[in-house]
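Dropping the structures in below, format is structure tokens.
Across the two complexes that follow, chain A remains constant while its partner is chain B and subsequently chain C.
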Partner chain A sequence: MNLDVYLLLPLISLSTVILTLMMLIAFCRNLSLTCAFSSIGLMVTLLLICAMAIDIQAAQTASLVDALVTPLIIVDAYALFFSGLMVFSSLCICLLSFNYHRARGEHQDEFYLLLLLATLGGVVLSQAAHFAMFILGLELLGVSIYAMISYPRAGRFSLEAALKYLILSGVSSAIILFGIALLYAAFGTLSFAEMAVLQRENSELDALYILAGSAMLLSGLAFKLSLAPFHMWTPDVYEGAPAPVTTLLATVSKGAIFAVLFRFFLSVDNYQYETILDGLFLLAVASIIFGNLLALTQSSIKRMLAYSSIAHLGYLLVAFIAADSVGGRALAIEASAIFLLAYFLTTIGAFGVVTVMSTEASDHDVDRLDEYEGLFWRRPMLATVFSVMLLSLAGIPLTAGFIGKFYIVVSGVDAELWSLLVIVVIGSGIGIFYYLRTIFAMTKRTMVTSVVHVPQTAGWTLAAVTLLLLVFGIYPTPVIEWVSRMAQAMT
Partner chain B sequence: MTVIAIMVVLFLGGIIAWLSEAWNKDWPKWVAVGTCVIAGVVLLPLVYQADSLIAFSDADSSTWIELYEYPWIPRFGIHILFGLDGLSLLMVGLTIFLGFVAVVSSWDEIEKSPGFFQFNILWTLAGVVGVFTSLDMFLFFFFWEVMLIPMYLLIAIWGHENRSYASMKFFLFTQLSGLVMLIAILALVILNGADSGVLTFNYFELMKHQLSPDVSYWIMWGFFVAFVVKLPGFPFHSWLPDAHTQAPTAASVLLAGILLKTGAYGLLRFTIPLFPEAALQIANIAMTLGVIGIIYGAMLAFAQTDFKRLVAYSSISHMGFVLVGLYAWNELSIQGSVIQMVAHGLSTAALFMTAGAIQHRLHTRDTRDMGGLWHDMPRMGAVAMFFMVASLGMPGLGNFVGEILVLFGTFKVNPPIAVAASIGLITGAVYALIAMQRVFQGERKLTRNLRDFGVREMTAMIPLMILLIFLGVYPQPIFDLISPALSNLYSTSVNQIPWIGGLK
Partner chain C sequence: MIESIVIPMEHGLLLAAVLFSIGLLGVLVRRNIILILMSLEIMLNACGLAFVVVGAHWGQADGQIMFMLILSIAAAEVAVGLGLLLQAYRRFSSLDIDLANRMRG
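What follows is the complex of A and B.
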């Protein structure tokens, strides 16, 4: 087979699934069929990516230049890892949301189409090696998400959330574009690889343009990553969006954008600018502190998880900053990949529980803390799963979250970022408080007797995610081995 | 392999106990008792092995009864490395024994989900066994955190009126200090890796580290804080009274009996041997903190009207002796500390069981509402008297041996500290006797008949009494068991900085 076609297989397979699904919906509206088809399509893509991931590492072709398919796309181990992550989480969302959508009546099929399109956007972003591809992925992802947030047409909150996200995301996209334009003014190219070469060899570059461009790019992306102080939209949108879409926002959207931002920084070596490092430092500190502090006062689970995700992105920035030191770069890449994997699993599980809880609620999602009171006695398994997720968010051993946090601290210690580590410790301390408060609420004996029905598909998916989370928490060795080789190849 | 077998037994026992709840509400506690017994039986052969070790205990390597290593995360040189020497064996034995006592002590106290309750008890035990036997720093930290969650759930679900606050405080204190320790561990591992070129979490390898005194001084603080919070030493003790007061009886027994000991064990096994020089620098600070703990804990204990709070503050006072003894760092004082750990575990566990039994019968812990309980419950009164007297340090009982050895050892190193610490013996007598007087003697405030200790309670109490007398009268077998391990810990640090030997 032609090497280019081989490398493009994930994109091809995903696009084929999308086109076929579009035809399928046009001819035969059947939610079960749509969901099953999308799941199988995603599963096939995931298997393809896994096979290629093993293949690529065995063949040692993970270096940046070899894997370029056209100047736009790069398919290396890093791209495959993040593509796999996107496809995996969208597969989980697909399965988790089936019962949720079925309970909400007709015309739910297009949701899966949008989900797949967003996934395609995520995969494109994680394989982007050029700003053209970058914008394409970003918009593919963003536009699908606007539509998905406002999918429950009757809901007032979802429309409000969609509008907020649309406007703010639009503004941030504009800022990003301006930033890219400035970078183009400085470099005269949009390709990451060519920029890197210019950065290394040409000392006559106008640092001001690069700085301004990078700063605009960074702040625009910080909007999408919901890093403080660009986080204002997050809680409202998380709360207003239907739970499956919130999952997507928290995982695919953030993961893909982080992946491409990190790749850009690594290949262009933006770390040489002190100002940018200072900015990143402030972003990390503000995200960790504000995210955790604001989460304290929330009485809605979705809002709490929104703030907690702000804090988690702050932790992730520690590894991002740690990539500054050339010696520790491989470790920092490894740390971010592992942390994101743990964060994905945990977030999918946590929002999965909210999705399951909300299955039967027609007009709003069940996300008030008091609606979870006594869940341990009503639905022990569901409550246990949720507790495991919360403990994983808190970074307690036996869960994936611990491995993630361990990696963050390792990369921080390795780069000797002591002040950031102190912030991480303080943030985690505050975090424990609200995670435990939620667990405590579930252990209460209350009069709430409403029966929660756990549907089969979603239930089994949640069980599988929990199992993966625990297995990864206890025996992460195989994944770590693969990821560390990926990281070695990147540097 | 025995260590792993014990942990597997405890983990599986926990799951079976939880599942068995579905069939019969009474099964979980039988499963839990059975699990503790099986774990004890599995441990027994090692005691004989330990005996044969003592005969030829001069070579360093022979202090390990069992060492087991299996790669876990090779990327960071993390191994599943369990080691059991006399010290660990003693602590594991104490853990399993007190686990048994805890289960028996809360026999019919638990009404809601007894299965999940026993699950949490057994998983706490498993975590603690892991802490006492791990020799890989990552594995150690792993268990250090694992034992917290079930303990948190025990307090949060089955605790008393203010359980939310207490459980949260307990978790926050230990978790935060744990994170500080994690950073210290990683700093040690990574800086050592930068020097030697090999990343390893192996305790024996890390002992050889060549870090500059400044760096090891700061890393040592990370370890010190985590362990002192757990001990608990002044000024990090404030979680303990709340946690103890609100916890159900069984959880109080585990907390006082074994969880506090993990802090002392950590200091003894890791902080001082890994950083002997840095530890010596702060020895006076640590001993002063210990003495403050002894006196301050005793004073607060005296002022309490809540029976469980009183016992909790007395724990702070007793653990102060352990801290003083460890940082005096000579063979006599370390042995004293270890004996004190065991004796305090046994006597405080019994006192918490008594407090729990009183609360179960009277529905109050307020000593002002008690009085003259001896009349109705002579057996309970006698038992409480025995353990109160033990905890005030009566010669002939275990606590006395521990405290007096600590004082002797400390006197050689720092006489003023020893003098100040010995005040604790007097204050201990004051609060213990006052408590006895308020609760069991004096005017009878309640006239209704109260049930005395029955067969079940006495089966838990009598072994505790026997062990305390045994420790007090003939502690030699315990010394034989722990001294190879202790002298090994001691000599490695002395070899590293020869002039510490001058303190002998």
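What follows is the complex of A and C.
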């Protein structure tokens, strides 16, 4: 088979599924069929990506190493890892949200179409090697998410959340675009690889353009990654959006944008500018502190998870900054990949529980803390799953969250970022308080007697995610081996 | 001879930056959703202008291609935005963004 076509297989299969689904919805509206078709399509894509990932590691030699397909797309192990992560979380969201949507009446089919389009955007972002592809992926992801946030017509806050996200995300896209234009003015090319060559060999580049461009790019992307102080929209949008979309926002959107930003920084080596490093340092500190402190005061589970996701992106930035030293670069890539994997599993699980709890409430999501009181006595399994997720967010051993946070600390120690590590430790300490508070609320004996019905599809998906989380927490060796070889190949 | 009449890149970028700031100011100051969307459009078009100017400076077609990409992206974004605006008008009978601000953040 032609190598280019082989490398493009995940994108081709995902696009085929999207086009077929569009036709399918036009002729036959059936939610079960739509959901089954999109899940199978995502599963096939995931299997393809896994097969290619194993292939690439086996054939460390000639043909696959040069993974550039056209100047726009690069399909290396790094791209495959993140594409796989995007497709996996979208598959989980697809299965978790089936009953949620079925309980919400007609015209729910297009949701899956938008979900697949957003996933395609995420995959494009993680494979982008050129700013044209970067913009394409960013907007494919963004525009599908606007529509998905406003999807429930009866939703109390969904319209407001969608408007807020539309305006802020539009502004941040414009800022990113202007930053790219400035970088283009400095380099005269839009391809990451060519920029890297120029940066290495040519010392007469205009540093002012590069600095201004990188700063605009970084602040625009910080908006989308909801790093403090660009986080203002996060809690409102997380609260207003339906729970499955919140999951997507917290996982696919952030993971894909982080993947492409990290690839850009690594290949162009923007770390040589002190100003940018200082900016990143401030972003990390502010995100960890604000995220954790503001999460303390929340009485809504979704808002609490929103602030906790801000804090988690702050932890992730520690690894991002640790990639500054050339020697620690492989470790930093490994740490951020493993941290993101753990974060994805945990976030999908935590918002999955909210989705299951909200299945039968038609115009809002069940997310007030008091609605979760006594859950252990009403639904022991669901409460156990939620507790495992919260413990993993807190970074307690035997869960994936611990492995992730451990790696972050190791990469920070390796790069000697002591002040950042102190902040991470303080932040995690505060974090444990509000995670445990939620668990204690669930153990309370209360008068709430409303029965929570756990639908089958969502229930099994949650069980699978929890199992994966625990397996990864107890025996992470195979994944770590694969990821560390990927990181070695990147540097 | 021709070089004497070429507009330097800095001037074009400056114009784009001014347009961009006008758009940003509009988004921050205006309270009407339609005007906010228009200001957003000004910002995106300022980026497009910047790309065209830089592309001309390097003598490449990339800048113009990016401009066309930006045009289509802006169209998609505004299409969704107008859809939301219609819904918002139906829900709140007003286009004032502050009326739609009921959540705390």
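Just a few scattered comments:
The rule we apply is simple: the second predicted complex is superposed on the first by the 485 of 491 C-alpha atoms of A that agree within 3 Å, B and C clash if a C-alpha of one lies under 4 Å from a C-alpha of the other, contacts with A are read in each partner's own complex, and residues count from 1 in each chain.
Basically, a contact is a pair of C-beta atoms (placed from the backbone, for glycine too) under 8 Å apart; a residue touches a chain by one contact, two chains touch by 3 or more.
Just so we're clear, the structure is a prediction, and the values are computed from it rather than from any experiment.
When the two complexes are overlaid on chain A, chain B and chain C sit side by side with no clash.
In the superposed model, A:397 lies in contact with chain B only, and not with chain C.
With both structures placed on the common chain, the touch criterion links A:439 to chain B but leaves chain C unconnected. In the superposed pair of complexes, A:409 makes contact with chain B only, with no contact to chain C.
Once chain A of one complex is fitted onto chain A of the other, the partner contacts of A:429 are limited to chain B, with no touch recorded for chain C. By the touch criterion defined above, A:157 reaches chain C but does not reach chain B. Between chain B and chain C, C contacts the larger number of chain A residues. In the superposed model, the angle subtended at the C-alpha centre of chain A by the C-alpha centres of chain B and chain C comes to 140 degrees, rounded to the nearest 10. With chain A used as the common frame, chain B approaches chain C to a shortest CA-CA distance of 28 Å. Touched by chain B in one complex and by chain C in the other is not one residue of chain A.
The part of chain A that touches chain B in the complex is made up of residues 376-377, 391, 394, 396-398, 402, 406, 409-410, 413-414, 421, 424-425, 428-429, 432-433, 436-437, 439-440, 443, 445, 475-477, 480-481, 484. Only residues 72-76, 112-113, 141-143, 145-146, 148-149, 152-153, 156-157, 164, 167-168, 171-172, 175-176, 179-180, 182-183, 186-187, 190 of chain B touch chain A when the two sit together in their complex.
Partner chain A is touched in their complex by these residues of chain C: 9, 13, 16-17, 20, 23-24, 27, 33, 36, 40, 43-44, 46-47, 50-51, 54-55, 57-58, 60, 62-63, 65-66, 69-70, 73, 76-77, 80-81, 83-84, 87-88, 91, 97, 100-105.
The touching residues of chain A, when paired with chain C in their complex, are 131-132, 135-136, 139, 142-143, 146-147, 150, 153, 157, 159-163, 166-167, 170-171, 173-174, 177-178, 180-182, 184-185, 188-190, 232-236, 239-240.
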